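One chain, chain A, links the two complexes that follow: it is found with chain B in the first and with chain C in the second.
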Partner chain A sequence: MATLTCRQLSKTYPGDHRAVEALDLTLEAGELMVVVGPSGCGKSTLLRMVAGLEAISGGQLIIDGTVANALEPARRGVAMVFQNYALYPHMSVFDNMAYALKLQRRPRAEIERRVHEAATLLGIDALLERRPRHLSGGQRQRVAMGRAIVREPALFLFDEPLSNLDAALRVQMRQEIRRLQQRLGASMLYVTHDQVEAMTLADRLVVMREGRIEQIGTPMSLFEAPASCFVARFIGSPAMNLIPVKRARDGAHLCARLQLSGDPEATARAATLGLRPEHLRLDPQGELAGTVEMIEPLGVDALVHCRLPEHHEPLTARLPMTALAASGIRQQGAIRLAVDGPLHLFDDQDRRLDHAARLTPLPSLFAI
Partner chain B sequence: MRYDRPLLDRLTHLLLILGVIVFGLPLWLALTASTHSAGALQSGIAPLWFGGEGLANYWQLLSQPIAGLGVSALRLLANSLVMALGIAIGKIAISLLAAYAIVFFRFPCRTLCFWLIFVTLMLPVEVRIVPTYGVVARFGLIDTYAGMILPLIASATATFLLRQSFMSLPQELFEAARLDGAGPLRFLKDFVLPLSKTNLAALFVIMFLYGWNQYLWPLLAANSPEHATAVISLKNLVQSTDTLPPWQLATAMAVMTVLPPVAVIIAMQRFFVRGLTDTEK
Partner chain C sequence: MTTFERYRFTPWLLLAPQLAIVAVFFFWPAADSLRQAFYVQDAFGLGERFVGLANFQRVMASSGYWQAMSVTVLFSVLVAGGAMLLALLLAVLADRVLHGARLYRVLLTWPYAIAPAVAGILWMFMFDPVLGVLTHVLAGFGVHWDAQLHPGQALALVVIASIWQQMSYNFVFFLAGLQMIPTSLLEAAAIDGAGPFRRFIGITLPLLSPTAFFLLVMNSVYVLFETFATIDNTTLGGPGGATRTLVYKLYEDGFVARDLGSSSAQSVLLMVLVGALTFVQFRYLERRVQY
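For the complex of A and B:
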C-alpha cells in the first residue's frame, strides 16, 4: 500500500509533442483510481512515467513520500499489468510469476509459497506448469495479474488490462479485480477507455483530455456534476444530450416556445444545456415536443432518438419499453417528453454553471 | 500448392532425381574411389563400386603424415575444426552484442553505427586481403589460430539478421522484465538468447560452413603445416610433379572433409524443425 503524488508532472516527446502537461494528482493508500479519456490523451504515458518506463520531462513523482523521478523501475515498488499481458513466452506460468522473486534472490521455499498463494487467489494453480501460449485469454490475464501480485508491490498499474477479453469475461474479471483490490488493500492506478469499467471500478475517477486533467472525483460526483461538456459526454451511457441554448431579446430559449428560466446568472451565461437520457419521461403534457427518428430496444428499456424543432442535435431518451408500447409511439411520429431530473448548464467555454434552472413553456401565441 | 496431375508429378519427380544424381554423383565417386588401391585408379577410369582398400586408405591418412605436408589428416581436421568453430562462435558472439546494442539501447549515432557495420558487407576478406595481412603480420599472428580466426569474425550479415530477429521481440517483454528487475545482461541471457535460439542455430550452421570452407585466408595466414586446414590439404594431395597423384588418398580426404559440416547440420537440424512448428514468440 502506497501513496502516489504527481506534482506538475509533464512529458514532452521528441518533436515537442506534449503528451502530459502539468498534471497534479494524489492517490491515497488503498485507493483504486481509474484514469479515463479518449485515445491519445496521455493515459499510457502517465502510467509509464509512474512505472519508470518513460523519462519524466518535468515535475515531481512522489511514491510514499520520496521523490522517485530518477529511480530504476524495479526499485519503485510498482508492478504493471500490460494490455497484451507481456507474459514471458518461453517460461512456464510458475516461472513467469516467480521471475521477479528469483532476481531478488529470495529463498526457494518463499518463492514457492508466494507463487502458490497468488495462484490460488486467482484460481490458476492448475496451470502453473503450462506455457503462456497454451492458455486462454482470460487465463493469460490472470497470470499477468498473478505476476504483479507475487511481487507484493506498493502500487499496481493497469494499462487497459481487459480490452483484449470478450464482453462476458470482461465483466467477470472487472469484478475479480475489484474484489482482489479490496482483499489486498492495494493502491491501484487503472487506465481504461471503457467508461462502464471506469464507473464500476473506481474509488475516484480521473478524466483526461489532451494531456490535462479535466476532472477528478468519485464516479457519482462526475456523473451528477460533470465539470465540462467533455466530461458530460464521456461519463454515462448513453451519453448526455447536449443542446445549444439560443439567445433572444427576452432571454435564453431552447426552442421558440421553451424558455430557460431560473437564476438570472445562469440564464444569462448558459450556452449549452445538458440532459441525461435517463432523466426524460414520456408525458403528453411534457415541455419537449419533437419527432421520433429511431427507436433502439435494449430489452427493458429502449433508446428513443428524437429531433427537436430548430435543432440539429438529436435528443436521446431512455424510456421503459412498456410505457413506449402503451403510448403507441412509432418512428417518424410525434413525441412529448417531460424533464424528470436535473438540468446541467454549461457556459460558452463548455464549463459547468452551478445554478438552478428549469425549462418553462411560453404560452402559444395562437392560444391567446 | 497441390495439383492433381499425374504427368506433372512424374515430371517433377524426374527432375528431382536428376538433381540428386547431379549433386550426388561426385560424392559417390569420391566415396567409391577412396576404397580402391592406387593401382586400381591408375587406369584413369573411375570405378562406380567399392573396392577392398577402404580401411587401409583411411587409416593411412589418419595415422601417417601426409607426404609433402608432414602432418596427418587428424591434425588437419582438428585445425579446420578450431578455425571453423572459432569463426562461427566469434561471429555470433560479436554480432549478438552488436545487434543487441543497436536494437535495445538508445545511444548517440545508433543508426550511423548500424550503417557502418552494414557497409562492411562490401569488404569481405578477399577485398581487404593486403591490409589485413599487413595488420596480422605486424601483430605477429601469422601461423597462429588467432591469426586465422580474428580477421574473419566480424560479421555484418549476422548482425543484420540478429537485428531483424531482435526487433520482432515485443517491446513490452523488455519493459515487463525491466519492472521485474532484470538488467541489460540479464535480459540478454534470460530473454533474448532463449527466444532467438532457432535463429542462432541457423546462423551457427551458416557461419560454421563459412569458416570450414575458408581457403584464401588460411592459405596466407597459415604457412606452417601445423596450422594447415583440411580444405587446403586437398590441393597438396593432388599436387605432385613427377608421379601420379594418390587419388585414393585425395578422395578419402575429401570425404572426411565433408563429414564435419554434415554432422553440424544434422546436430542443429532439430532446432530448425522445432523452430518452424513450435514458435514461442
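For the complex of A and C:
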C-alpha cells in the first residue's frame, strides 16, 4: 500500500509533441484511481511513466515519499498488468508468477508459498503447470494479475486490462478486480477508455484530455457536476445532451419560446446547456417540443432521439418502454418532454457554470 | 463425374515442369551417383566393373578422407557458430538503432546478394599474398600473411569469407525474430526486476529459439555444401589439404582425379551424414525449442 504523487509531471516527445503536460495528482494509500480518456489523451503515457517504462521529461514522480523519477522499474515497487497480458510464452503459469521472486533470489519455499497463495486467491491453482497458450482469455488475465499480486507491490498499475475480453467476462473480471482490491487493500492506478469500467471501479476518477487533467473526483461527483462539456460528454451512458444556447435581446433562449431564466450571472454567460437523457420525461405539457427521429429500445427503457426546432444537435431521452408504448409516440411523430432533473450550464470556454437555472416557456403570442 | 475426377490429370500436368526439373537435375544424378558408388570405372571411362562395397572400404581406409572429415568438422563449427553468433549480435544491435535503421539493415543484408563465387574472388584478392590490400594492412601489424603457404591462415580465410556470406541470411531471420517479440514482454520482465542481460537470456533467447533452430539446420547445409564455391575460388582446398572439406575432396576426386567410384561413394556418405545430422537436430534439439 503506497501513495503516489505526481507534481507537474510532463512527457514531451521529440518534435515537441506533449503527451502529458504538467500533471498534478495524488493517489491515496489503498485507493483505486481510474484514469479515463479517449485514445491519445496521454493516460497510457502517464501509467508508463509511473512504471518506469517511459522517461520523465519534467516534474516529479513520488512513490511513498521517495522521488522515483530515475529509479529502475524494478525498484519502484510497482507491478503492472498489461493490455495483452504480456505473459512469458515459454514459461509455465507457475514460472510466470515466480519470475520476479526468482530474480530477487527468494528461498524456494517462500516462492512456492507466495505463488500458491496468489493462485488460490484467483482460482488458478489448477493451471500452474500450463503454458499461457493453453489458457483462455479470462485465465490469462488472471495469471497476469497473479503475477502482479505475487510480488506484493506497493502500487498496482493496470493498462486497459479488460479490453481484450468479451463483454460478459469483462463485467465479471471488473467485479473481481474490485473485490481483490478491497481484500488486498492495495493502491491501484487503472487506465481505461471505457467509461462504464471507469465509473464502476473507481474510488476516484481522473478524466484526461490532450495530456491534461480535465477533472478529478468520485465517479458520482463527475456525473453530477461535470467540470466541462468534455467530461459531461464522456461520463454517463448515453451521453449528456449538449445544446447551444441562443442569445436574444431579452436574454438566453433554448428555442424561440423557451427562455433560460434564473441566476442572472448564469443566464448571461451560459453558452451550452447540458441535459442528461435520464432527466427527461414524457409530458404532454412539457416545455420541450420536438420531432422523434429514432427510437432505440433497450429493454426496460428506450432511447428516443428527437430533434428540437432550430437545433441541429439531436436530443436524446431515456424513457421507460411502458410510458412510451402508452403515449403512442412513433418515429417522425411529435413529442413533448419535460425536464425532470438539474440543468448543467457551460460557458463559451466549455467550463461549468455553477448557478441554478431553469427553462421557462414564454407565453404564446396567441394566448396574450 | 465430379469436377475433381474429371480434372484428375490437370494437377500433374501443372506440376510436370517442376517435377521434370527435379527429376533431371536431382533424382537422376543422385540415383546415378548411388549406382556408381558400387562400380569402378577404367581410366578412359569406357567400361566399368561392379565391386560391391570396395569403394566405401577404400574411402574409409584412406587417411585423406579422415583429414577432410576433421577439417569439415572444425570448419562447420567455426562457420555455423560464427555466422550465427555474429548475426545475432548484429541483429540485437540493429534492432535497437533508432535513426537510419533501414540503411543499416540493407547494408547488413547485402553480402547475401553476392554470389559465393564472386565473394570468394573478392576475398582472394583482398588477402592475396602479393596484391592483397589486407595483406599489406596485416604486414603493418607485423603479421606475415600468406594463405597459400600457411594452413591456419588458409582455414581462417575461408572461415571468414564463409561467415561473411552466411551472416546476412542469419541476420535477416534473427532480426525478424527479434521484431516478433512483443515489447510488452520485455517491459514486463523489466518491471519484474530483470536487467538488460537477464531479459536477453531469460526472455529474448528462448523466444528466438525456433529461429535459431531453423538457422542451425540451414547453416549446416550451407557449410557442408555451399561453401564449395568460396573454397574453390580462394584456397583450392590447400595448402596441404588444410581447407579440403568433404565436399571439396569429393569434387577433386571425381572431377579432377576422375575417380568416379570413390567420389560417388563419398557423396553417398556425405548424404548419409547430412541426413543423420538433420535427424539428430530435429530429434533432440527441436524438443528443447520454445514455440
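One rule holds for everything that comes next: the second predicted complex is superposed on the first by the 368 of 368 C-alpha atoms of A that agree within 3 Å, B and C clash if a C-alpha of one lies under 4 Å from a C-alpha of the other, contacts with A are read in each partner's own complex, and residues count from 1 in each chain.
Quick note on the criterion: a residue touches a chain if its C-beta (ideal position, glycine included) is under 8 Å from a C-beta of that chain, and two chains touch if they have at least 3 such contacts.
Worth saying up front: this structure is predicted, and the values here are computed from it rather than measured.
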Three-chain arrangement built on chain A, chain B and chain C clash or fit: clash
Touching partner for A:80 - first (chain B), second (chain C), both, neither: both
First (chain B), second (chain C), both or neither touched by A:100: both
Doubly contacted chain A residues - partners chain C and chain B: 51-53, 73-74, 78-80, 82, 84, 86, 88-90, 99-100, 103-104, 147, 151
Chain A residues touching chain C - in the complex, by the definition given at the top: 51-53, 72-74, 78-80, 82-84, 86, 88-90, 99-100, 103-104, 147, 151
Residues of chain B defined as touching chain A within the complex: 170, 172-173, 175-182, 186, 190-191, 194-195, 280-281
Contacting residues of chain C [partner chain A, same complex]: 182, 184-185, 187-194, 198, 202-203, 206-207, 209, 290
Of all residues in chain A, those that touch chain B in their complex: 51-53, 73-74, 78-80, 82, 84, 86, 88-90, 99-100, 103-104, 131, 133, 147, 151
